[in-house]
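One structure, as structure tokens, below. Some questions next.
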Amino acid sequence: MMIVVMNSDAMLSQVSSVIHKIESLGLTPHPSRGEHQTIIGIVGIIDAGHKDDLEHIGQMPGVAKTIRITRPFKLVNREFKPDPTIIRVNGLSIGGEDFAVMAGPCAVESAEQVRATARAVRDAGARILRGGAFKPRTSPYSFKGLGEEGLKILRAAKEETGLPIVTEVISPELVPLVVKYADILQVGARNMQNYALLEAVGGIRKPVLLKRGMMSTIEEMLLAAEYIVSNGNKEVMLCERGIRTFETATRSTLDISAVPVLKQSSHLPVIVDPSHAAGARPYIAPLAKAALAAGADGIIVEVHPSPETASVDGAQSLTFDEFREMMDELRPVAAAVGKRMVLCGEDDAGMRRASA
Amino acid sequence: MMIVVMNSDAMLSQVSSVIHKIESLGLTPHPSRGEHQTIIGIVGIIDAGHKDDLEHIGQMPGVAKTIRITRPFKLVNREFKPDPTIIRVNGLSIGGEDFAVMAGPCAVESAEQVRATARAVRDAGARILRGGAFKPRTSPYSFKGLGEEGLKILRAAKEETGLPIVTEVISPELVPLVVKYADILQVGARNMQNYALLEAVGGIRKPVLLKRGMMSTIEEMLLAAEYIVSNGNKEVMLCERGIRTFETATRSTLDISAVPVLKQSSHLPVIVDPSHAAGARPYIAPLAKAALAAGADGIIVEVHPSPETASVDGAQSLTFDEFREMMDELRPVAAAVGKRMVLCGEDDAGMRRASA
Amino acid sequence: MMIVVMNSDAMLSQVSSVIHKIESLGLTPHPSRGEHQTIIGIVGIIDAGHKDDLEHIGQMPGVAKTIRITRPFKLVNREFKPDPTIIRVNGLSIGGEDFAVMAGPCAVESAEQVRATARAVRDAGARILRGGAFKPRTSPYSFKGLGEEGLKILRAAKEETGLPIVTEVISPELVPLVVKYADILQVGARNMQNYALLEAVGGIRKPVLLKRGMMSTIEEMLLAAEYIVSNGNKEVMLCERGIRTFETATRSTLDISAVPVLKQSSHLPVIVDPSHAAGARPYIAPLAKAALAAGADGIIVEVHPSPETASVDGAQSLTFDEFREMMDELRPVAAAVGKRMVLCGEDDAGMRRASA
Amino acid sequence: MMIVVMNSDAMLSQVSSVIHKIESLGLTPHPSRGEHQTIIGIVGIIDAGHKDDLEHIGQMPGVAKTIRITRPFKLVNREFKPDPTIIRVNGLSIGGEDFAVMAGPCAVESAEQVRATARAVRDAGARILRGGAFKPRTSPYSFKGLGEEGLKILRAAKEETGLPIVTEVISPELVPLVVKYADILQVGARNMQNYALLEAVGGIRKPVLLKRGMMSTIEEMLLAAEYIVSNGNKEVMLCERGIRTFETATRSTLDISAVPVLKQSSHLPVIVDPSHAAGARPYIAPLAKAALAAGADGIIVEVHPSPETASVDGAQSLTFDEFREMMDELRPVAAAVGKRMVLCGEDDAGMRRASA
């Protein structure tokens, strides 16, 4: 469904040309003539094949602009699939009744660091281990990660703790390598519109955590998810991690409204990253609680054994104690909003409600 | 505390001039000479009287820039007054243990509308009635409010329901009028840097609800509060209501991080306005819950008997039923984060904990 | 002209209600039924009186949203008055063939400062003297201007140099005072939506220089101008001075595109303030040339006898020499784009083309 | 050069630890003790190897924050190489005396389209042909380009017209293919932080046109250029193409200030893309003139034989006539600011000054 707005000084012949063009595409034009302007509604089954033709109409003589009424994404649109997509990882139903906590260091530095962190976050209630083996960095002089060695360290930690792994993949040719080790592949904010990468993770059979670009709209994020799903992978989690604004008190501005907007627009699970949004430790627990209360299906949080020595993002990494405190504060909020938080390894029979 | 950064090609004589200037102000310069640049720390009791002198240093030959280390606000700074400012209205302790819910129509339209709304929101748990008698409007052709007639309608509703009134004042010369009717005076987002108005409300003896400008940083908001407090009125509530960003899915982008940032920087209470931030009814309850979970001391929400006929902001006004549902969802969250929500008129003895 | 978009699950009865409502307003509904959605065009003479009724339609059950096709401003709209508004000050035709250069100190500090600056900028080719007697300041501890004393200093400089005065008025009750001294009244960026002030300057008979708010859209600026014009004052100049973005290399981001957008949308003259946009001396001349090349009708620039001692905005004030150099660079560009720059006091007969 | 700011309540032992840490890195600490806070300047030869150590200092107990004084880029920094980098393509000296005009269709659609456009833009004065064979697209349902077939079409046009080719490369594995056909490789805005791609084009021997990300600061753009240069390729052109802001009247907000800021910070040539910034034909010529007047070394502009049938970005493509008119308007401005614009194929002897 689209509307064509003609210029106020458009000639009748120009209006006719637009009408004929619409008819030639097998669609039905509905012109309305106003005092100053004529508009023409376009009705019919508009599919992807029409897209370029419709763009041309916007360029025809006498046309002021075109306005799209229906949304440009389909596969991830809640309107066409009202039931939530539930992604099952490690007994969690992400997008369903669970509130999934993913935690771990920003960058994998050593086996000892990862193992200690994995144990600590699991004991405090995290169900998925995060950690970066490949780091995209703004400066060419920054630490870029351990690469495959880092992936092996993550796998060893998984074997010991039972926590599945979410880790970032930064280019399409690394997808076959990362998919061997990871349980969830993360597409980072800087790569949200790296289409070669979106296509590559669209071809795998593991869930993808798609981070919103720092200056991408919610609609663009849904279109990026559409890329992945249209390439065959239906298990996409949408991750809000803060957008760039004029405010500098925090590293990014967490767009908390994106949580209800995404839940209403799409059937995909919504995750929040309070660490990158805040950029500073004291704000992380408040933002995590806000995310949960706003309806998020989970969070991804940075935790480090000694943040003051972290190679990347120390300022926003929680200590083990801080993480445990945050988890203790999250549980009653989860109960209040009807989300479940159970410890890793508790079997279904033994599952406590978060409120218990 | 300030730092002067010299240009990499600054001459020794220029460095000396800056050092002498600092000494002439009774302050102590601490120069450090680096490979490429010299920097000079300024130490001493820098008070308001030095401000312009220090600006001049930034303009001296050879100076690249100056960097301020200490914050430019004092009276509202938590560092100098760690205890929270608690504002008492209608038995509430705002900034203390209560979660204050202010609700009512965007604009006062009629006595009947206000009376019905006041009753409905009081019965659902609101403790303060909001309503606009003077409306600042972007278009000269929009409804601008009933003026003093509107204030009288609000007072009548207060007399009937017991709910105190928060209402906006849009220019300094209206302060004497509005202060006669209102219990809390609101300074709107468009007027956050209307200094004549800030000075006027600084001279009254009633609390002020200061809304963050759509284009203002958190620091600028604190400076606006400093204006009010430095004019004699210590009872200022800071209200986050969304900032302008590139995202258009919501009317504004609620900067939820402002809640913990403000609580950490200042001792003043923090209120959140989810209605203006969201601009759409379905997002208001999730944002209200997020505000509460993030640590806000209250919310201010638009409610209307029939939003579809509201003269202003109908799209973001809750119906009575929606408001009641939101309140029912807020209570368990308040209990989870240790905030109190009690009904209007319940005496202290009968006060239920929100969790009850 | 407006379009009503119904929800995809709207019932027929809801569509009918909307259609009846439109008809009851004396307007003509044009419904188009698509596969997923129905839209209804509204055609007829929609005037200001309909505005609130049309807002109500957006709140009716089953309505997803309404889309406005025609612009919300009329008096300042080029579509309804294609000829440019030309404002005549000191022999200049602003909005016509001249490129008007307004220059002077940010704040009036002393008679000597203003007199020296006025002479210097006049000799270099400025035709209007700027200077602030009342300064709106973000911090309550900053210099706020000399007040009426400053206005008298400006008038004395005018008498000596023949340069008319542009100066800021910061609140409605100061308008009667400022209008006695000023030739052009400036409404500052922070006051662009101070409606009491817009109405006050709408009631005077002198031109107004309206600065764009730091975070106001071009459309909001045109609506602010509409406020002034609808109150009776047709002589409004629109001033682009930079908007707030995430970029911090300059004080604001000069929205140079606003120049052609405003020239196309409105018949009012367009002025650019490169000083506040840049915030740093080296960028001012390049931005002034860009403004001229993009089609601006003038610039307003800060000049100070010794920027390193300026009480306000020294970093962005040009010295006399720098201003003269900038003027020398502007003249050939003016000739290249067909704008006239003549010295103050040159009579018509003697007027040189800038290119000469 | 860096400054460490301690918390106001930092203990002496914490200050000592920071001082020891700095000394252990072979650097010299310069502490200054103020009334409320201690700051410590760090002086010495800080190289890339120190970067992570310095980040750790920011995480030490008692440290409030660290402030970097010197810029984080070196190779592209004008401070260390004051002479401009001049890139020679087709007889042009880009970054030197010439104003380089690159023009052509957004996407290569057919041999006929490209050949016609190449001839038209060459005859009007363009010196380089642009055209996209690989198109990164926000929606998975949009036209993605002809691929290698498109590159062949561009080469054929080059052979006929003599215009060298600038074309986009969208992933690292395509670099070997694109480099065979292109004279200048473009890195698009969405890929400005695609580090694998930056490294790949850092390894080639042809100039790179690096577009600023829509969401990237000027400093981040310079860091992206530093990536390329540090990988061995010194011929990088920086292209400003508009940033994302709240303003929607244009597709992006052209940050015209970036031109003088980049020229002052870096020795690399600066190009402006008015087409993508404006997103609408009528604004392109004004923005092109502004770019030239502000000091840009060239522009890259979209031109199409019949924009109303363009597969991509028709709304912002100039017709042949519009392009010729724009060139006619640019020449006198170039003369006014001292830049040369000569037709392709004119030999040195015959070169007309643009002003002639």
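Annotations
In this document, chain identifiers A, B, C and D correspond to the written order of the chains, with residue numbering beginning at 1 in each.
Quick note on the criterion: a residue touches a chain if its C-beta (ideal position, glycine included) is under 8 Å from a C-beta of that chain, and two chains touch if they have at least 3 such contacts.
In this text, all values refer to a predicted model and were calculated from it rather than measured experimentally.
Across the assembly, the mean Cα position most removed from that of chain B is the one of D. Of the two chain pairs considered here, A-D and B-D, the higher C-beta contact count falls to A-D. Chain centres here are Cα averages; for chain A and chain B they lie 31 Å apart. Our note on geometry: chain B versus chain D, Cα centroid distance of 40 Å, whole angstroms. Each chain gets one centre point, the mean of its Cα atoms, and the points for chain A and chain D are 28 Å apart. In chain B, the residues that reach two or more other chains under the touch definition are 215, 244-246, 248. Interface of chain D with chain A (complex): residues 48, 51-52, 55-56, 58-61, 72-73, 136-143, 170-173, 190-191, 193-196, 213-215, 220, 223, 226-227, 230-231, 244, 307-311, 314-315. Contact residues on chain D toward chain C in their complex (touch as defined above): 215, 217-219, 243, 245-250, 253-261, 264, 277-278, 282-283, 286-287, 289-295, 329, 332-333, 335-337. Of all residues in chain D, only 1, 3, 5, 8, 30, 32-37, 39, 41, 43-45, 67, 69-70, 79, 244-246, 248 touch chain B in the complex they form.
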